[in-house]
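Presented sequentially are two complexes of chain A, the first with chain B as partner and the second with chain C.
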Partner chain A sequence: MIQQQQKQHQITSFQLIFIVAGIQIGVGILSLYRVTFEAGAGTDAWMGVLLAWFIAQIAIFLIVHLCSIFPEDSLIDYSSKILGRVLGWLLSFTVLGYFLGAAAIISRTFAEVLQVWTLQKTPIPVLISLTLIPSLYLILLGIKAFARFAMVILLLTWWLLLTLVIPLKQGDILNMLPIGHAPLPGIISAALATSLAMIGYELILLFYPFIDRKRDVLLSASIGNGLTGLAYIFNVVTAAIFFSPADVPNQMWPSLQLLKVIQFSFLQRVESIVLSFWLLLVVVTVAGYYWASAFSLYKLINMKSFKLSAVVMAPIIFIVSLLPRDINQVTDIGDKIGTAGLILSFSIPILLLTVRYLKKWRSK
Partner chain B sequence: MRTSRMRFITLNIFLILTALLQVGCWDTAIIEEKGFILSAGIDAIEDDPEMYIFTMTAPVFVELATKRVEVLSTRAHSPLEAFVFFNKVGGRLYFADLFQVLLINEDVAIRGSLLTKFDFVYRDPKVSSLAYLLVSQGTAKEILDTDFQDKNRIAIYLTNLIEEGAVGGLVHPVNLQSFRQAAMDSVHGRDPIVPMVRKLENSIHIDGAALFRGDTMVGKINENEYTHFLILSGKGFPTVFYHRGEATYGLRPQSIRNSITPRIMDGNIVFDIKVNLAVNVDQSFGNTASDLSNQKHKENLEAEVAEFLKGEFLKTTKKLQEFNSDPLGLGKRFRAKYYRVFSEIDWREYYPHAEINIDVKVKFISHGIIK
Partner chain C sequence: MNPEKLKELEAKINVIHKDIETNLLIVEAFFQDSELVSKRITNAAKKKVLYGLVYLDNSVDNALINRDVLKLIRDHVTKNSPRSQVIAELEDSIANISQVYSLDEAMDFLVQGFVIFFAEGIDNAWVMELRGFPRRAIKEPETEVQARGPKVGFTEIVGENMALLRRIIKSSELKYKTFIIGTKSKTIVVLAYVETLLKDDVLQEIEKRLNSIKTDAIIGSGQLVELITDHPGSPFHQILRSERPDRIAADLLEGKAAIFVDGNPDALILPATMPMFFTTLDEYNTTWLFGSILRLIRWGSFVIAAFLPGFYIAVVSVNHEVLPIEFLIIISESRTKVPFPPILEALLMEVTIEILREAGIRLPGALGQTIGIVGAIVIGDAAIRAGLASNIMVIVVAVTTIATFVLPVFEMQLSLRFIRFPLMVLASMFGLVGLFFGISILIAHLSAMETVGKPYLSPIAPFRTTEMQDTFVRLPFFSITKRPSSAKDIKRQVSNRRKK
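Our next item is the complex of A and B:
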């Protein structure tokens, strides 16, 4: 029955490209250069991003390999099959908590950014609703609608990258020279520090049964991840050329600060226009994690309706997003969520594949 | 039936939510009640190093007003303190969203720590970081308080002066953002250079430039030296005058190609600067002026001008080294090539003694329609 429903809600492997890129590009990019710079890569931050892209690619490979063993099941289904009922439930519950936390923290982070940059008098709960309400509406329409939305939004917002050309022209290439002076541990730390910006691909663990042509999943996810990597590298290189290395640690959101130098006689504060488009991208990210948490809950406790699960999750995500005290705590928790995402995207496939192969080997 | 009812309810919920979120739509702004701060100035107070005179100008929109610009001044420790005061006395609500020019008096620039003083400006995302920065000889208040009758409102006049000057290649504009980046870069071997202005009887004159080390002014170069700096750095293409006997030539660079190469020779830091200038001869008068259609005369003059400019460029770079200010970013170039050496030395100790070699090539590409 569920499988029949799943067939009705299939997404194409082409749409998966936009889903992966759309979920990855959220709020992490706004502080990407500072985070990688401070992690130890300095002006070689782009190398850290390149390495992060490569790490994400390995994780995608492992995840897709795991999913391909159970093409009609999601992580919540096969984790119990492999690990047993209790351990499987525990793993699924952890994953549910992670998805819930990610949706909440991304929504809250963007609310904080909006409040600082444009809507200073609007209360944080209202700003959180700006991403949560459309996300709820979107996932109630089903995964197909979400996939179409992600595709349309990415096609509508890719031009935002072009706005970086202006600060790029105003920068000084000497700012990012010499290339390659950061030590290898610094580059590795930077790659790990980008985890909040890179996560999103791990949702394939849940999306997989809904994708029509399973053999193209690896390629689609890799293209999506590649698009994200390119966007991030362009962003980081622009910031490296624009900012004096000594000023980078002072900038909360270098990517937005870059846009402050764009001004036309008929239009000022371009960053507020960009932020309103960015809201759409963040809705894709929040909706992705929201859907994942609602779907996990629906599967975990065998709820009758996915829509009910989605409605139940809404106030929980909303309340969790209000828990951090201030922007500093939001940033800290965001980093921890990113690290958790990175750990989960490697540990889940490695653990499940290892246990499965061990079981297979023992049964022989 | 049930679906259509659900859809109806959902639609209405969204309608109400949208209406709630759109409260700003009936919020009108009466322009006469808004004070748009377009320019501001900071002057030093001699007997109190912690206190400054802040001046701001905002256009007046009231039809019957006798003045075009409202000028408010106060003593305060910081721009924000002054801003709060202006809001208490102005009778309008002031905004710095359209801020265009910040004028700082020479003494304020010499006191230094400008980045700390401008903290409010950098911290508030609403304040335009593209506002131009100028250093004034004489008080900023005097310039901002003057109604230059045949000119635009002061902020627009100053903005046009910089922007049109930049189009003509006479000045390299510095805004709050670029000043911050250059000042921050001081530790990496680059310093800001900010145009200086002086008030004449009924106008404002761009009169050289202020040299900084970090965010503190350490010296200034005159109009001629600024002209040479602009060519040397490739940041402008101002007209250069060359006198030869009774003849005077006006030479306007059409294109400038330059390269700066650092090297280490016998333990000394050396910079080889190459400047290739393609110039238009816009003026050639006097009894001894050469016939520029004569190839030999032309080549001789090109060589003479190149030698003259080389001497001028060397004098200018020497002056920059004397003030230990590095607006050409020589340190940054050295850092890019010799990162390890740069990290181990104190650049500020080495910079004044660095050897600078300049090679200038000049080519006349046009002398107009007269020989």
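Our next item is the complex of A and C:
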């Protein structure tokens, strides 16, 4: 029994910080400033990101509260316990579809970025496999390996934030002024537009039973979310200072454009190197969603082994990621997936908690 | 020996017979056509065999047998002393003597180089350790040279190695457990550990693995590594081998176990983690400042040795944009005469270097150096002049090779030589993205590996702040107050006049 529990508790709550941050930081940050700028926040985009951070924090509260009721079960297990078989199955299926879509769209978006920036002649399917193959390998190795992987990658990549100091120095603070001119609706819609960049914390719904110290989960998830929030705000503020407002709509991926100004006598186009480095972070994100979708499938139809469902999932994600026709559609679907993530991470806890409360109330 | 006779004899070896002649004949039958010596000691009338001595020639020290055994028995036989007196005196005069109760057991001792002593009319025998076989002097291991510290290395005799280790850890907490592995080789395998530091579950797991081995023979300790390792297919070794007693002692004191294999001048340390392959005792034998610098140099060399060729190929064949135009001109000028794509050029040079290195190892000292000079300078220079390789590529390959040699453990050098090639191929296909694709798989592989339950990347992932003090850097001894978390007792006593 003890051994079984030990076997199940494979992630430490400390590692959860890096899992949450690692899954959150993926492709969303690359276009973050343009997206929030265009959503209506203008140069006050950082307020939108701040708001999004708070929204994510509230979602984390709700999710962890829901999970703490069933500490040894995942969402797939208890959704049918609360909602009944049919509705529970329907919810789990929706969630599965969402995870699948997120994994697919993130790897596709990154493939598009790669094609535009460095590998123009490489076909998209090959570029997608560049993130899918390591993800498949990683989740086949188990969730423990995934947690350690996320940790190593975050330790290897945090210094990339420091490179932003150079564009910050070269920018002009006037670009960002006046502060606070954006209307409140603009900031709110900017916050919603950030959702693709912020999602990732909802995977706690599935990770929760694997974490060893449940009482630290809320703290760890919040720290992870906080790190992401800080990184995003730093990124957005730098971008706001660096770009003149008129120029922003022309920048598809402002975060990469920022790095273009960094030059050494022996190295230029640093963004090319950073983008390749970014592959590691995208692998964490894709592997997270890939794991979630494979795990949901495994639980949902009672598959024999998790590995089998991971292998079954690979071609499905690959095909789904090829469905969008062009980069515009990819961006559109990406936004929709982000919105779906936001809606799900609020509706699932609220729905399940309410139904559970009503049931209890009725049985009294 | 024919099967029927063997069967007949095997039925008789679970006891010691009272009749001495039967015993001797059975042992002689088993050891027919070998170096067995069986001596029958008769009474003065030369009629009755009273005592028997059996041993393998050249495995025992003849001078010791003459002086301590034969002379004693001879004296008593002439004096017609009673048997019990002979035995009692013999037991007193030999340091390592014990009783055995079956021929089977006695023969197991015999092949280890013991002398069997039979007495007429007694149904047990004695085995005496009077071993003497060719041995070499204790020297500093050539593969693990250190700038400072003891110039002592293990030898091929397991007992000597145990003694060398005991000289460093003079405590009853140092335990040795002996295993005999191999149905034919009967190799002595000794598990050494510090009782209060090695975790019980790790000890049990190692014992379980050693006990479950069924094989004909263990000759090299590398064979044992493959039999007990967790991931035999991995390009990284999870069991560290060292020929230095000081290193083994240091690791035992961190809560590891060591395994000696008789006939091998090294010990296996497990569970080993990746950072352990970057340490030597040199860092501990100097001040922490220089110790830390040495560590950082090694990790830096690891990065260079693993990724530099891949990075160069990526930049030259795909990601031209990352180099400034002046730099690019230098590279393309050097490559104008080269007819191959960069990856082929790199593989050509890397494979040449690997061949040269392999050739150098087998050749005796002076000749090995000549090969190095001929290979590196003559072939390298000629290749550039002939236009088969660019000089920048030669620089890259040379730097990579030298960086590989910085790593103190041979096994890690092998791993590096191996992982370089797939990374180079990926880099030539997808540039830097391909390189990082390879790195992501590499990191995934490393983070999944565990040795006897201990994560391979520990203390990097899972992250342990206290252990980080002794991973990439080595902080002063007085600030390292914790042992690695894999030890049973992690509190380390340190204090000096500054810190109590």
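Just a few scattered comments:
The rule is short, and it goes like this: the second predicted complex is superposed on the first by the 357 of 364 C-alpha atoms of A that agree within 3 Å, B and C clash if a C-alpha of one lies under 4 Å from a C-alpha of the other, contacts with A are read in each partner's own complex, and residues count from 1 in each chain.
Methods note: a contact is a pair of C-beta atoms (placed from the backbone, for glycine too) under 8 Å apart; a residue touches a chain by one contact, two chains touch by 3 or more.
These numbers come from a predicted model, not from an experiment.
Of the two partner chains placed around the shared chain by superposition, neither chain B nor chain C is touched by A:Ser68. When both complexes are overlaid on chain A, the residue A:Gln268 reaches chain B and chain C alike.
In the superposed pair of complexes, A:Gln170 makes contact with chain B only, with no contact to chain C. In the superposition on chain A, no contact is made by A:Ser347 with either chain B or chain C. In the superposed model, A:Phe14 lies in contact with chain C only, and not with chain B.
Chain A is touched at more residues by one of its partners, and among chain B and chain C that partner is C. In the overlay built on the shared chain, the residue A:Gln329 is in contact with neither chain B nor chain C. Of the two partner chains placed by the overlay, only chain C lies in contact with A:Leu280; chain B stays clear of it. When both complexes are overlaid on chain A, the residue A:Ala246 reaches chain B alone and has no touch with chain C. Residue overlap on chain A between its contacts with chain B in one complex and with chain C in the other: 130, 133, 137, 263, 268-269.
Of all residues in chain A, those touching chain C in their complex are 12, 14-15, 114, 118-119, 122, 130, 133-134, 137-138, 141-142, 144-145, 147-149, 151-153, 155, 263, 265-270, 272-273, 275-277, 279-280, 283. Across the complex, chain C meets chain A through its residues 318-319, 321-324, 327, 430-437, 439-441, 443-448, 455, 457, 460-463. Taken together, the chain B residues at the contact with chain A in this complex read 10, 14, 17, 21, 97-98, 125-126, 128-130, 177-178, 180-182, 184-188, 190, 329, 332-333, 335-337, 339.
Interface residues of chain A facing chain B in the complex, by the touch rule stated above, are 116-117, 126, 130, 133, 137, 170, 172, 174-175, 177-178, 181, 242-247, 256, 260-261, 263, 268-269, 271.
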